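Below, chain A partners chain B and then partners chain C, in two separate complexes.
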Partner chain A sequence: MIFYLLRRIVYTIPIMIGVAFFCFLLVHISPGDPLVSILPPDASIELQKQLMKLYGFDRPWFEQFATWFWRALHGDLGTSIASGRPVAAEVMRAVGNTLMLACMATLIGFLFGGLFGFVAGYFRDSWVDRIASALSVLGVSVPHYWLGMVLVIIFSSWLMWLPATGAGPGGSGEWAWDWAHIQFMLLPAITMSVIPMGIIARTVRALVADILAQEFVVGLRAKGLTDLGIFMHVVKNAAPTALAVMGLQLGYLLGGSILVETVFSWPGTGLLLNSAIFQRDLPLLQGTILVLATFFVVLNLLVDVLQTTLDPRIQRS
Partner chain B sequence: MNTASRADSAPIVSVRDLRVTFNGGKKPVSAVNGVDLSVARGETVALIGESGSGKSVTLRSLLRLHPERRTRIEGRIEVAGEDVLALGSRALADYRGRVASMIFQEPLLALDPVYTVGQQIVESIRRHERISPAEARKRALELFERVRIPSPERRLDAYPHEMSGGMRQRAMIALALACRPQVLLADEPTTALDATVQIQILLLLRELQRELGLAIVFVTHDMGAAVEVADRFAVMYAGRIVEEGPTREVIRNPRHPYTLALMQARADGAMEKGARLASIPGAPPDLAQLPTGCAFAERCTFVQPACLQSRPEAVELGGGHRARCLRTDATAQAVAQSARATANTSILLTETA
Partner chain C sequence: MSKPNLRTRGLGALVGSTLLALSFASGAVMAQEKVLRIGMTAADIPRTLGQPDQGFEGNRFTGIPMYDSLTQWDLSKADAASVIIPDLATSWAVDAKDKTKWVFKLRPGVKFHDGSAFNADAVVWNVQKVLDKTARHFDASQVGVTASRMPTLRSARKIDELTVELTSSEPDAFLPINLTNLFIASPAQWEAKYKAVDAAVTDPAERAKKAWTAFAADASGTGPFKMSAFAPRERLELVKNAAYWDPKRRPTIDKVVMLPLPEANARTAALLSGQVDWIEAPAPDAMEQIRSRGFKIYSNPQPHIWPWQLSFAEGSPWLDKRVRQAANLCINRSELKAFLGGMMGEAKGIVSPDHPWWGNPSFDIKFDPKTATAMMVEAGHTADKPLKVKIQVSASGSGQMQPLPMNEYIQESLKQCHFDVQLEVLEWNTLFTNWRKGAKDASANGANGINVSAAAMDPFFAMVRFVSTKTFPPVSNNWGYFGNEEFDALVATARTSFDDKARDAALARLHARIVEEAPFIFVAHDVGPRAMSAKVRNVVQPKSWFIDIATMKMD
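And now, the complex of A and B:
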């Protein structure tokens, strides 16, 4: 098992280098001047050149990449052009917020998606199944930023139950796990949970239906197990795949919450990316993407390892 | 053995006029059409027939394993004094595995892939008996020794996919015997195994049956395998038992043309190089619309107009041997003829002695 783990970790190294290379390249081939946001419109050519030299934008791109990557390995992602603060610190603070939100959303999505999926799979082709399936299709199809706005209108404007934006009573200050803070998280988390909920519900439904059709379920019945006993077997059989899907969804939520975070002004990586793009803040953009990609890779690794421990048929060699 | 003395009294399995109809598709399918079957304590009965003859459906009805909503079971099934068709869901679950248990054709599919074999046996024991996990595991170990699995302690912690085919079937047998059932139902237990392993499993079954005084209902399409273990043969066709009797008697003097045809269609034994393998022309009837007469009539070489009129009743031939056929005499003649021509049929009997 330790050997397997080590090998899997070694495998992620070339993946990470590739990811870093591509995110650097993508940002660089996109048009626009990175210094436009800090230079006054009437700046002289000399000042422009001086700043280009300061940030290293005048050197060939592969040299820039090498320097950037070497520093990144040491935990230095450069300085944000817009704010002048270290990118690493900015990103890590945002990552904390996003991670919190994504975990909450995945948890909600997994609980309800798993529940819908199980019920639908158990009572396949009944009215319960049709309702659960319709809900999950709805969840996958509804644009979530739109859903976010609708939720804000209902729960914040009309009912005034929950705050509309921000991450705490003091704006985006220190986070605490009390109701004053958690209530800010509910609407964005519910909004974000809708897609994973739909996907997990559909996956679990197909899994459960498939497992129930297998011969070993007849075998379990033949040895006298009751419905509850069989249910436990179905859960353990469905768990590896369901967890893998959940892990991937968590990965998507970590990187793909730009719209929802912007709608709710949630100070996470999505909002950070959004502002980095609009301000053409190259170091911040690269740093954020790199950190998100790292999370995705690490998460995939964790899912694989978890699956291996749950399903003995997956080879460890 | 004291099981022998009780064998003559009430049968442990008694099936009367069993009819099983599946309503899942467009037309209801009559898979079993009036099966009568008795199995005494310590007796092994082989249900023989080709695919779709209703042998497996009959067997699974004994545990009521068919999907409840889509299946209609009529008639009467009594196993060890329990009226199986009248059991409530809880009583049915208590009955399954404890009174009667089942061995499946393909243990790799019939065992849960994500639990070790040991866990599955322990689960079964603890489902029916109030006993500690450690004790249950000890029992599982004894069972593994009993079915002669080498290094049983280690194998208990193996997953089904980590075992060989023969080993898995032994584990399956151990699982089936975990709660000391009185009746063992075997659904083609050797079909998925290669020939050498088949013999080992058959010998094991016969040995366990004698030691534990089990009644076994053994479903197979392989006459050679059936001859190995069965005291009695019941040949099924289109959901009915067409011929039934002591193994030797049925093999030596088949009286139903279908039984005879089955025996002639065997590949092993007397095949000469270049000789054509005998086969039964035609196909089994559509179970969604059975003919009014004998179901085998359209494939039968001895068919007469009377065969198409109504379903033949059982003809008693003495010694518990009976056949549902109007032309038992014609079959008997054909058997006598072929016995004169060649001595080949005796090959079938090499193992019964």
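And now, the complex of A and C:
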């Protein structure tokens, strides 16, 4: 197990270097001016050159990359061009907020997705299966952005039950797990949960149906096990795959919530990325992508380890 | 005297207790804090350290409320052009012998929010922060947004406690206007932050950088509002400065909370759900709903121009003046305005006819397709042989209003006057970068026009950069290479007319000639729509990019 773990950790190193290199390259080859956030387009060419030098953008790209990567290895992701604040602090604050939202969304998605999936799989081809399957297809198909807006219109603009934007009455810095704050999280979390809900439901449905058709279930029934006992065996057998899917979904939610966080002005990594892209704030963009990529890689590693623990056959293969 | 009976005494007690309760209630209402919550379009709180980013929205929300400058825009009138008035300088004059030197007399008795005094040293310090690379407090991150807006300012020198001398690189009558962009931050507060930087940080430049970061989180200016709380990217709270030096702008609103809400529908929902009292740029489709729910929508044409800037490079179809004027006469701006729900000012030039720089041009920009078509036929273009033009546009962008539907409307309109318009849609930052490179650069990709809207607050940015031969790319934004000796002479005259009236008269002559020569297709002025709760009173939306929060009141 330790060897397996070490092997997986070693594999992540080239992945991380590759991610860092490509994200650096992508933001540098995209068109536009890296100083657009602090330099109006009507600024003189002399001023532009002066600032390019002051910020080091006049140096060759590989030199810029080497400097940036070396500092990043030491935990210094540089300073945001637009805000002048350290990128690492900005990203970590946003990661914390997104993590809260993503966990809530994953929890909702896993609970309801798992429920729909088990029910649909257990009662395959019944009307219950059809309703649960329809809901899961709907969840996968509905665009996040649109659903978020619809929820805001209904629950904020019309009914005025829930706040439309933000992360609490005093901002995320004063976050507390009470109703005054949780109400700010509900709409974005529900919006974000529908895709994982749909995916988990479909996965679990297929798994349950597949497991129920296996011979060991017939054997368990022959041994006189109750339905609840059989159900527990099915859950245990379906869990590794369902967990893997949930882990991946959590990973996607961590990095893939730009639209939802923008609609709800939730101060997470999605909103941060959106802001960095529109302001062409390269240090912030690179730093955020690198941190998100790291999270994704680490999450995948954790899921693999968890799967191996639950099902030792994976390790052997 | 009869003794009051029980019923009378009971009634008296009831009235008394009611009055008492009412007085407590009114006391409670009086004591209730008046908080104004604003949803901005910015994705982040504009920088708070004195020189805001995020364009003029930054100046509007973290500049003007928290800081003063030597000169300021008059934001007290909605029905007249916003002009320059004294702020921290009470008067100014150019040196009679050396026109590169200006003397500014400063306002006495002004204090920063930290209690330190405003004086000539503070002005010199604030000029150094962006122009003197050797100064300890020089901050590269503030240079871009400041130096570009006062391109000729070079240095400042203290004459006495309340007098400073500013030096420009060349005689420049526009300098007092440009100085609205230099916000005066507190040197004492910055010094305190500098001293508080961890002693382990020994590099002076790094210490200065950290001091500015700390200053941004606990800023100090002389403005009508003081910073009280700051959560990066989430909210900024300001409280009233009860000791503000100008009694007419001393706030009655206790607290202002600013929230970055970049998405138009999210802002609108925040307003409708009562989360905020004021939003910038509501979603256009929601205007009627906003009005029907009792909110007020304010708008007024801003110093802003939404044009097609035309190419004068060799081979450009716009070299023929008849073609340029025909295109200007072929757009029904009233219909376009209606199409945008009324949220547009109809452009008749760079500035509007009520502006001091208008100048009565002989070419009247209006909708006259008959004359336009006749001019095009005279120039050799017919329905069978339309003139092909190509324009680079964006799908979105700061100040661009609604570029795609607006450009498609113009494309369709010009068809009736024998134009065949091809639109090339680019990403906003790419278009912005191309703007500086010019029509002769490969980035123009054969286009002979570009649609980049622009602020027209001061003479350089409104006119000079578009018509001077000294501002050809890549120096500035004369994308189309328009200009000649006549325009250079008009610019020079305006720049060296140091009397305000003479300067405005010179600028009016320049503007009139620009409209007559039509190097642009003048289409629209943005009107800066904002929606507010009815409980926000005393709102004056001036003809400006800015608005004065200090004079507003709240029920």
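Rule of thumb we're sticking to: the second predicted complex is superposed on the first by the 309 of 317 C-alpha atoms of A that agree within 3 Å, B and C clash if a C-alpha of one lies under 4 Å from a C-alpha of the other, contacts with A are read in each partner's own complex, and residues count from 1 in each chain.
Methods note: a contact is a pair of C-beta atoms (placed from the backbone, for glycine too) under 8 Å apart; a residue touches a chain by one contact, two chains touch by 3 or more.
If you're wondering where the values come from, they're calculated on a predicted model, not measured in any experiment.
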item	value
Which of chain B and chain C A:Leu272 touches, first, second, both or neither	second
Contacts of A:Ile153 with chain B and chain C, given as first, second, both or neither	second
Chain B versus chain C as contact partner of A:Gly84, first or second or both or neither	second
Partner chain(s) touched by A:Leu51 [first = chain B, second = chain C, both, neither]	second
Contacts of A:Gly224 with chain B and chain C, given as first, second, both or neither	first
First, second, both or neither for A:Arg280, with chain B first and chain C second	second
In the superposition, chain B vs chain C on chain A residues touched	C
Chain C-contacting residues of chain A that also contact chain B	none
Parts of chain A lying in touch with chain B, wherever the complex brings them together	214-216, 218-226, 229, 233, 236-237, 240, 310-313
Residues on chain C engaged by chain A in the complex (per definition of touch)	39, 43-44, 47, 49, 53, 55, 140-141, 143-145, 147-149, 151, 209, 212-213, 216, 231-235, 259-263, 265-270, 272-275, 427, 429-430, 432-433, 435-436, 452, 454, 461, 465, 474-477
Residue numbers on chain B that touch chain A, as the complex places them	63, 65, 89-90, 93-98, 101-102, 104, 106, 109-115, 123-124, 127-128, 159, 161-162, 175-176, 178-179
Chain C contact footprint on chain A (complex, rising order)	31-33, 35-45, 47, 50-51, 54-55, 79, 81-86, 90, 93-94, 149, 152-153, 156-157, 160, 163-167, 170-173, 262-265, 267, 271-272, 274-275, 278-280
